[in-house]
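The same chain A turns up in both complexes below, where it pairs with chain B and then with chain C.
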Partner chain A sequence: MTDQQIIDLINTSLEEEFELEKEDMKPEALLFDDLELDSLDIVDLVVVLEKAFQFKIREEDSIQEIRTLGDIHRFVINKKKELNTL
Partner chain B sequence: MRRVVITGMGAVSPYGKGLDIFFESLIEGKSAITSLSDLADIKGLRSWVAGLVNGIDPKEIPRKYRRSMSSMSIYATLACREALDQACLNEEHCTGGQMGVAIGSTIGSTLTTQEFFNNLLSTGSLEQMKSTVFFKIMNHSCAANVSQILGITGRTLSPSAACSTSCQAIGFGYEMIAFGKQDFMLCGGTDEYHPLFTGTFDILNAASVKFNDQPSRTPRPFDRDRDGVVCSEGSGILLLESLDSAKKRGANILSEIIGFATVSDPSNIANPDMASIKRCMQLALNDANIKPEEIDYVNAHATSTKQGDIVEGEAISELFGDDTPVSSFKGHLGHTMAASGALESIALVEMINRGCLIPTLNLENIDDACSNIRHIFELQTTSIKTAIKNNFALGGINSSLVIRRYIDD
Partner chain C sequence: MTWPQSIRIVRPLDFLLILLINLTALPLMLIWTAVGIFLFPALLIILKAATRWNAEQITRRLIWVYGRGWLAIMLPFIRFELIGIKQDKTKPPCIYVANHLSFFDIYCLAVLPYFNVSIAIRNWPFKMYWYAPFMHMAGYLNIEKMSWEKFSGSAAQVLSKGGALLFFPEGHRSRDGQLQRFYSGAFKLAAETGVKIVPLCIRGTNEVLPPGRWWLKPAKVTIKALDPVDPKSYAKPSSHRLIRKNVKNMMIQSLSEMDIDTTMGNTDVPRSVCSS
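And then the complex of A and B:
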C-alpha cells in the first residue's frame, strides 16, 4: 500500500464509522474539538483501524499521543512500515 | 397526595411514527400484522407473523446518542420527543431536576446480544467488540438513553415485567408525582422485535400459527378461532404531570390517572389466574376510590391466547358484570410487549377525548367461554368518563390503571 492508499483507507473507514463529512477530513483536524469524537469513539477508532489494516495496536503507548487526523495517518504509516521490515 | 394528569403522548407503533397514524389506523380498523419470510426459515418456529415498525429515520437522533441505542431506544426517544412536544415542554423542564423517566423493555437488545455472541463464539476473541455494545444490552438501556439525549436529571428507573412493563411504568410514575417526588415523568415502554419473543410463545403453544398466509386475520382476541399471540414492536410514552404544575403553566390536559395497582400471582409463572386478575382490578379501583359501576369501559389485555382471554373475561365479568363495554387492541397491533400498556393507554386517552370506542379487530364469533362480557364489534360514538386498562405478564405480574376524563373541579 502506498502512503496515500493508507490515508484514503483511514479516512473512509472513519467517515463510515463516525459519520464524518469528507470535507472535514483534514490532517490538522483535532479529533475531539474538530471531529467531535470522544473517549468512547477512540476505543472504537482502534477497533476500526485494527480491522482495516489487520494489525494490533491497542497496547501501543504512542496511541496516547494522537491528537489530530494527521497523527493517525502518520501512526498507521509508521506501523505498516515497521511491520513490513520485520 | 397530588392529582396526576397526562399532558403529552408519543407513539412509534407498527403503523409507523406518530400519534396521528397510530390512532387513525386504529379507528379505521387496520391490521399492523404482516407475514415474515425470515421467520419461515427458522427451523421449529411455526408462527411467521409479526407487527414491525417501518417509516422511521434513526438519523433524526445525533450519532453521539444513537451509537449506544438499539432500535428500542430509538423508538422510545422518538416517542418521548413527540410527548414533550405535545406537552409544550422544553429543555429546561428536562434538565431542571423536576423531570423523571420510567421506561422499560422486556429485556435488553436481543439482536445486539446475538451479534456479540456470534462474534465471540466464531472468533474466540473480544478484539472486535465496540465500546457501546453493553449500553444496548443492559436492562435499563432505554431509560438511560432517553435521559442522556434529553438531559434529564431527575429519577430514572426502568421497570421490567414483560407485558406489564409499561402499565407498571405509568403506575410508578403516577405514584412518584402523587407523592411529590417529581413534577413530570416520561413513562412507558418499548421493545424491538426478535424471533426469541415469537419462539417463546410458540414453544408454550401460545403463538398464532394458523394465519401465516392471512396475517391481517390474527390475532383474534376473544374469538372462537383465536390461536395465540402475535408479537410486535414499538414504543408508547405518556408525559405525566402534577395537576398543579399543568394548571400553573396552562397545559392542555388530556386526561387524569386516578388509580393503579400491580400484584404478583405466584400460582404459576406462565398461566394467568382469574382471582389474581380480579384482585388487581379491584385494588386499582380502590386506589381510585371508585366503585366498579363507575367504570364505563374496560381495555382488556386479551392477547388472543386460549386460556388468557377466558380468564380475563371471567374476572371482568365478576367485577363489572356483562354490560360494561370491553375491547382489546391486540387484534390491530399484535402484542407490542413492553410497549403494549403505554400504546394501548394512549389509544384509551384518545377514545376518552374523542368520545368513541374502538372495537376488537378480528372478533367475528365470540368464543362461548368469553361470552360473559359485552364485546364491541363496531366503532361506537359514546361518552367515556372513566376506564380501566389491564396488562398481565409472564412471570405472574398483573397490573391495572384507572384513567378518567379530566374534569376541572
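And then the complex of A and C:
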C-alpha cells in the first residue's frame, strides 16, 4: 500500500463515517475546529482506523499528539512502516 | 434591485399577515416571557409547598406551560399539523432526537404532551442570560462543557426517573433545510442505557423564523413522531454508530415524504387549526 493509498483510505473512511465533505479533507484541517469532530467522534475515529487498517492503535501514546488530519495521515503511514519492518 | 427571497412579498394578504404576526405575536411573546420570569419565583414557592415536586420538576413543568403559551400566541398565524405526537410511542422514558431548522423549534416541542423533558444542548443557549437560570434549574445538560461520563450519568438519572432527553443531533440549525451530519451523543446514550429513541421530524419552522432573520412569517409547521428505535436490537460495541445511521435514514425518508405532502398541499394561508 502506497502512502497516497493510505491517505485516500483514511479520507474516504472518515468522510463516510462522519459525513464530511471531500473538499474539507485537507491535511492542515484541525479535527475539532475545522472538521467539527467532538470527543465522542475521536473514539469512533480510532475504531474506524483500526477497522480500515487492521491494527490496534488505541494504546499508542503518540495518538494523543494528533490535532490535524495530516497528523492522522503521518501516524498511520509511520505505523504501517513500523509493522512492515517487524 | 433584487430583493432577498425572504422579503419578496407577492400578495397583499401575505404582507398583511406578516405585519399582523410581527405587530401582535412578537410583543405578546416578549410580554409572556417577562410575565413568566416575574411570576416564576412565586409559582415555585407555591407549587413546592402545595405539591411534592422538587424544584427541577416544577421548573420543567413551568417551562412546558411557557411553551404552550408561546404556541397559543402563535396559533392564529401558524397552522400546526401533528402526526403521531400524542401516541404512546412518544411516552417517556425515551430519547427524542429532532432535526433543527429554527430557534422556534424548541418552543414547538411544547406540543409534546409530556413536561418531564431535559434538553441536551451546546454551550451557547446557556449564554442567554434571561433563560439560563431556568435552564440550570430544569437540569438541562450542557453537552459541550461536561465530560461524557458526567453527562451520561446525569442523563441516565433523568431517564431512570421516567423523564425524557431531547437532542438536536445536528448541533446547529440547518441553513438549507437538509439534515446535516449527526453527532453521536444521543445514540451513544441510547446504546448505554437501552432506552428507546423517538425521532421527531420538523418542517416549516424555518419559514416562520429561519437563522439570520429577526421577523416572523406565518407558515404551516408539521411535527411528526416516527416509530421508536430500540437500541437493544443493535449489536454492540459499535451499536451507536449503526443506530445513528438508521435513525438518520429514517428521518431523511420521512422529511422527504413531508416535503412532497407540503408541495402537493396548499400551505400559503395559515389557519388556527391543530390536528394530531
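In this section, the second predicted complex is superposed on the first by the 86 of 86 C-alpha atoms of A that agree within 3 Å, B and C clash if a C-alpha of one lies under 4 Å from a C-alpha of the other, contacts with A are read in each partner's own complex, and residues count from 1 in each chain.
What we mean here is this: contacts are C-beta pairs under 8 Å (C-beta built on N, C-alpha and C of every residue); 3 or more make two chains touch, one makes a residue touch a chain.
Quick caveat: nothing in here was measured; it's all calculated off a predicted structure.
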Quiz item: Overlaying on chain A: chain B and chain C, fit or clash?
Solution: clash
Exercise. Look at A:E28 in the shared chain and tell me whether it touches chain B only, chain C only, both, or neither; answer first, second, both or neither.
Key: neither
Practice problem: Determine, under the contact definition given at the top, whether A:D38 touches first (chain B), second (chain C), both, or neither. | Solution: both
Practice problem: Quick one: classify A:E82 as touching chain B (first), chain C (second), both or neither. | Solution: neither
Exercise. Pick one for A:F18: touches chain B only (first), chain C only (second), both, or neither.
Key: both
Practice problem: Determine, under the contact definition given at the top, whether A:E50 touches first (chain B), second (chain C), both, or neither. | Solution: first
Exercise. Based on the superposed arrangement, let me know which partner A:D8 touches: chain B (first), chain C (second), both, or neither?
Key: neither
Exercise. Determine where on chain A the residues touched by chain B overlap those touched by chain C, and list them.
Key: 18-19, 36, 38, 40-41, 44, 47
Quiz item: Considering the complex alone, what residue numbers of chain C touch chain A?
Solution: 148, 171, 180-185, 188, 238, 241
Quiz prompt | Residues of chain A defined as touching chain C within the complex | solution = 17-20, 36, 38-41, 44, 47
Self-check item: Touching residues on chain A, where the partner in the complex is chain B
Solution: 18-19, 36, 38, 40-41, 43-44, 47, 50-51, 56, 58
Quiz prompt | Touching residues (chain side chain B, partner chain A) in the complex | solution = 63-64, 67, 127-132
